[in-house]
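Presented below is the structure to which this report refers.
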Amino acid sequence: MTAGILLLTIFLPWAGALFVWLVGNDRPRLQHSLAVGFSVAGGVAGLALLALGSPDEMVVLSIGGAFGNFSFRPDGLGVFLATIATVIGSLAVIFSVDYMRHEAQLGRYYALVLFFIGSMSGLVLTGNLFLMFAFWEMTALCSYALISFYNDDPKAVAGGIKALVMTQLGGIGLLIGAILSYSYLGTVEINVLLDKAELLPSNVLGIMAFGFLIAAAAKSAQFPFQTWLPDAMEAPTPVSALIHAATMVNAGVYLLARFYPAFAGVPGWQEAVMVVGMLSALLAGLMALVATDLKRVLAYSTVSQLGYMVYAVGAGGVFASQFHLFSHAIFKALLFLGAGAVIHSAGTRDMREMGGLGKQMPFVRTVFVIGALALAGIPVLNGFWSKELVLEAGLQGGATWMFGVMLFTAGLTALYTFRCVWMVFWGEPHHPAHLHDAGPAMKTALAPLAFGTLFSWLLAGSFSHLLEKTLPYHDIHAVSLVEILEEVIFAPATWIALGVVALGVLTWVFRDSLRLWQEVFAGIGQTARQSFGFEWLNQAVVRTTIQVAEDLRNLHTGVLNWNVLAIALTLLVVVVILALGA
Amino acid sequence: MDAGRALLLLLLIPFAASPVIYLTGRLSVLRQGTGLWLARWFTLIVYLGMGLPLYTLGRYVLELGPVDLKIGRIVLQMDGLGLFLAVTVWLLSTLVTIFSFPYIRGEEDEEKYYALLPALSATMIGLGCTRDLFNLWVWFEAMAITSYLLVAFYHHQKGALEATVKYLVQSAVGSIMILHGISLVFARTMTLDLQEIPPLMADSGLFGLAAGALFVVGFGVKIALAPLHTWLPDAHSRAPSGISAMLSGVVIESGLVALLRALGTLSQASPAWGALLLGFGAINILIGNLMALRQEEVKRMLAYSSVAQVGYMLLGFGVAMSYGIADGAEGGFYHLFNHALMKGLAFLAVGAFLYALYITKGSHAPLMVSDLDGASKKYPLTAFALSIALLALGGLPPLAGFVSKWQIFVAGAEVRSTPLLWLIIFAGLNSVLSLGYYAPLINRMYRNQPSEVVQAGQPIAVLISLPLLILTLAIVAIGFFPGWMVPLNASAASSLLMAFGFR
Amino acid sequence: MFYLPNIVLVVVLALLGIGIYCILISRNLIKIVVGLQIAVKGAFLALVLAGKLASQIDVGQSIALTVIVADTIVAVVALALAVQIRRKFGTLDVHALMSLRR
Amino acid sequence: MVDLFIGAGILFCAYKAMQENRLLVSALWLALTSALVSWMMYRVGAAEVAVVELSVGAGLVTVLFVFAINIAGDESLTRQSLVPRPLAWFAVVFSMGLLVWMIMPALQSERMRAVLEQTGVLAGLFRSVLWNDRRVDTLMQVVLFFAGALAVLGLIGEPNKSREERE
């Protein structure tokens, strides 16, 4: 029963992908309905799975050898991320019905989105490192194909390839970790690795731990790989909401949380994780402050919030990080889809050309503001609770100065969130024409997300129970909702944080009287606009590679004599090497 | 069917059929003919006819062990390795034959094409199962000679002639070096039997190393070990697409199998061979990828990517030969098989585009990267097939290339040595680099605005689409069920390990 | 000094060297085929010597015969190619065969 | 002693064939090389194959060369080589020198000396080795002939009429 439902969350979307693709682009209506049907069915399966979480392996397909056994395990971490993937996935698909109406090549779009949803479920549910790596790469593949969905736009193509290359670079870390596991433990079973981590030589465990950290950082667009996510915003907006906010980018955090018990003992690992999270949160927050492209602001804020989760894992707060992941997935999907509705109507992504849209799009304004308040960490929305838990975990498990930086970033978050909302929905209208509010399908998708943003924190207690029940290696203690609320409310950290957030809001409100400070921060803003030099670094690497390739091409003269000379010289070199070796 | 007779049939059918195909074809040409269909279909029947003995052999070899066929003092022994090569060759050649029906139709020398194709396949099958060192060279040379005209098939084109002359001269230089290596081994061991030689070559010192160097460089020309690869992009890009698929998918790999067999004789002379192959593997991967990065001609790009893919196989085999790790050999063979499928599909799909965009209009212009803009609008299946092939070559799941690369990497880690771990990281980085040229090509095909060439394109024949479909399905299926190929790979791997004295 | 294998070995490898050198420096395609033939002569000798040293001179002869046949065929194909290239390109100069590069 | 002279003669002829710029003369030097090689083969004890080499290597191949040069024409090309001569010289001399150095000591073994002392080879054994023991090689020559013939036919064939009209 559980096994069947588990497989359904993977194969229902995949089957949908196949059917939508086979239907062909001549019948867009059928494609829309098939996509919605299969994704909603997947979402239902995901919700059903949530109730059936269990620590046991449910599906095992024996392959053996270097591939291990194909096993799936519906434990707490897995089912809950799978549920996010399938449910938010289905909402994104519903949203697409309006958003992608009249687009060409719908089959490719829906097939890839559905394929992604299934792969994401697989990634979080599998108990086998080989499969995990495979699903990991599959999600990267879908992400690439969807970012460059508008293939005629060179920026989209470049963004897609950049995302693919960077996540693959990180993927090598996961690959190395996985094959080392096979090499030393003779298996690619995740639970065996968690169980026997202490038996590994410490240097091997260290390589694995940092390899996984690199993989996670690349996937979650953390420092120093953060540059791909903003460029990924060339994707259609539902894709940004689903893949680049709610699901795939969370895979990095999931990876760290999943393997936390194995690597927590590696010297320096926890600190490294926290520093990565902190730097990402801070730098991305600063970049969000100066960006003018609506989707880019949201992308930077995603990087920043993922930084919070990574920081929490590093500090030992696996539950806090997952809880924040849960909240973030909901409110960020809401924000992105809301932004999608705005962009769909306004026809631009530049916030300087928006302004005063609130009156014309009241529904979108309402839900967007709900999402924004959650992002800013205003009580009593879901973002508030989870962020406070993250901060508290950080205070307990990490250095105080890092906690200070994270607090500062919390204020920064409030500041850029208010700037963004104000620039889009209030302020001077730059758009003369009348804009229509969101369509019916869009509303259908936005409403549940807004509802979730308001109330999802009520699930915190049962979520912690699920984690405790099904994760044998993580040492998580179940706490009830009331306990969590008490903990948050009575912790001094909460009130400090709220103060900082209020300060951030006030900074925005009184921005005109703070001109002097703006001058001071202009320099930082300038550097932030250039992604703190990382964009330059990326381009330098690409340029160098291309230059080397061009130089190498010049060696291929196409002259027969030179070709034969290569043979003669190779013979000489091989003979010399062998003679020296003997 | 008796297994020995099956082996004999497997080799005899294509050789005997070859002149018959030529004569039937020639007669119909002389009669101003319409009768070429007979030659075409006869070729296909020959291949299908080879299927039965191959199946018999396959079952026998996998269940009971090697099949010996003694002719004079030369033993043809179909072991796991030979079977593996035979299956790969047979599969790809059959599909190439079907593909060629429309593709080659109406070209001059069509009958020679169909006559040489089975001969080429048979030489490769024979190469895989001979147990005599010199006989190995004979099959190897026969493979080269049968492929010259196929490469120069468009011999009224300047480019084809140029490519063939480079291919021929470099192959010939390589094969002369092999001969010197063989004479060294023969002079010392007084035998040519591959299985009797190894102990006799023990403690041969520099003498054995000299023979090995000659083997590596000599066979290396055909395998396209960088920097001996310079003939490959020329020949692959100028040959008819079916032949490009054969060259890239099985011919260079047959060279690799021949090298493995030859080096097997020297396994006790020195432990250096595996390390040498690992070194060449790293160079191949890097040079192949860098060269492919800036290519504007599609077939040339794919040719350079073959250089890189051979590097991955070398990594697997190198690990197996140095450390006796079974996963290395299995992964190497797995990648060899998958490469035949992936690169076969890539070249055939590009051939389908060439057919639709140029050949049906009587032009033999090369297919440029920019010609593929928006190709998916008009040719969805072919564009999809090419995308699958490219993504699989890039090592992305859930496709065939991913599983075999994984196995090779796992094998590298099993050695538990730091340099090898770096080598794997290097190979992994290169896999990422390879996406830098595969991905843009895919993006181009899915543009909305088709290029002028595509807009003016002709429809693609059904018989061209059929092999594409089969290969695409195979690549996806292997990605989902990596266990399918394991028995065949494992039996080939155990033959290899046995030759290197690990079992 | 007059030990036969030593002399033959030097001749064999010198022939290979001269052949390869001829291929390296010649611009004329037919000259390149001549270079191949020079190198191949060395290979015949080597095989025959190997047969002798293996005390199976007949096997050596037999395989040398096969090599003679094979390489004559290669030479014939190469010459046919050269002739065809002369027809198409109007020259036998290797320098003219540079359209496939980079 | 005789062997030394033959060896020197072979190398001299090969060198002349390599160095000569006129194709026809070069082909003749090649024929002479071939003849001397077959003499050397005879000295080693391979009487039968020496005859074959004399007829095929020195005879047939030379005829083919002359034939090809006649069709293609003896073009006078500049002696300027595309690869720098010192580089080519370096690659060849060093690799061959190293190989000689690696191989030669092993040829001095007792076993090989003993083999060289043996004289008198059974007559008619060659035929039986060629046709029986190594039958596969011999049969493969048929395949080689067939493929070579097809290749030559394909390569030198002129385009047929209908095709030319089409182009």
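So that you can tell them apart, the chains are marked A, B, C and D in the order they are listed, and the count of residues begins at 1 in each.
Quick note on the criterion: a residue touches a chain if its C-beta (ideal position, glycine included) is under 8 Å from a C-beta of that chain, and two chains touch if they have at least 3 such contacts.
Since the structure is predicted, the reported quantities are computational estimates derived from the model, not experimental observations.
When every chain is represented by the mean of its C-alpha atoms, the one lying closest to the mean of all protein C-alpha atoms is B. In terms of their C-alpha centroids, the spacing between subunit A and subunit C amounts to 62 Å. Averaging C-alpha coordinates per chain places the centre of subunit C 5 Å away from that of subunit D.
Subunit B and subunit C have CA centres that are 26 Å apart. Multi-chain contact residues of subunit A (touching two or more other chains): 553, 556, 558-562, 564-565, 567-569, 571, 575, 579. Touching of two or more other chains is recorded for residues 81-83, 88, 91-92, 95, 99, 102-103, 107, 112, 133-134, 137, 140, 144, 147-148, 151, 155 of subunit D. For subunit B, residues touching at least two other chains, in rising order: 134, 138, 141-142, 145, 148-149, 152, 155-156, 165-166, 169, 173, 177, 184, 187-188, 205-206, 209-210, 213-214, 233-234. Shown here, the protein chains touch in all possible pairs. Residues 2-11, 13-22, 24-28, 30-31, 33-35, 37-38, 41, 44-45, 48-49, 51-55, 57-66, 68-70, 72-77, 79-84, 86, 91-95 of subunit C are the ones that touch subunit D when the two sit in their complex. The residues of subunit B lying in touch with subunit A in their complex are 165-166, 169-170, 173-174, 177, 205-206, 209-210, 212-214, 216-217, 220-221, 225, 227-228, 230-231, 233-234, 270, 272, 276, 287, 290-291, 293-294, 327, 330-331, 376, 391, 396-398, 402-403, 406-407, 409-416, 421, 424-425, 428-429, 431-433, 435-436, 439-440, 443-444, 446-449, 482-483, 486. Against subunit A, in their complex, subunit D makes its touches with residues 81-83, 87-88, 91-92, 94-95, 98-99, 102.
Remark: subunit A residues 559, 561-562, 565, 568-569, 571-572, 575-576, 579 touch subunit D in the complex. Chain contact summary for the complex, subunit D toward subunit B: residues 99, 101-103, 105-107, 112, 132-137, 140, 143-144, 146-148, 150-151, 153-155, 157, 159-160, 163, 166-167.
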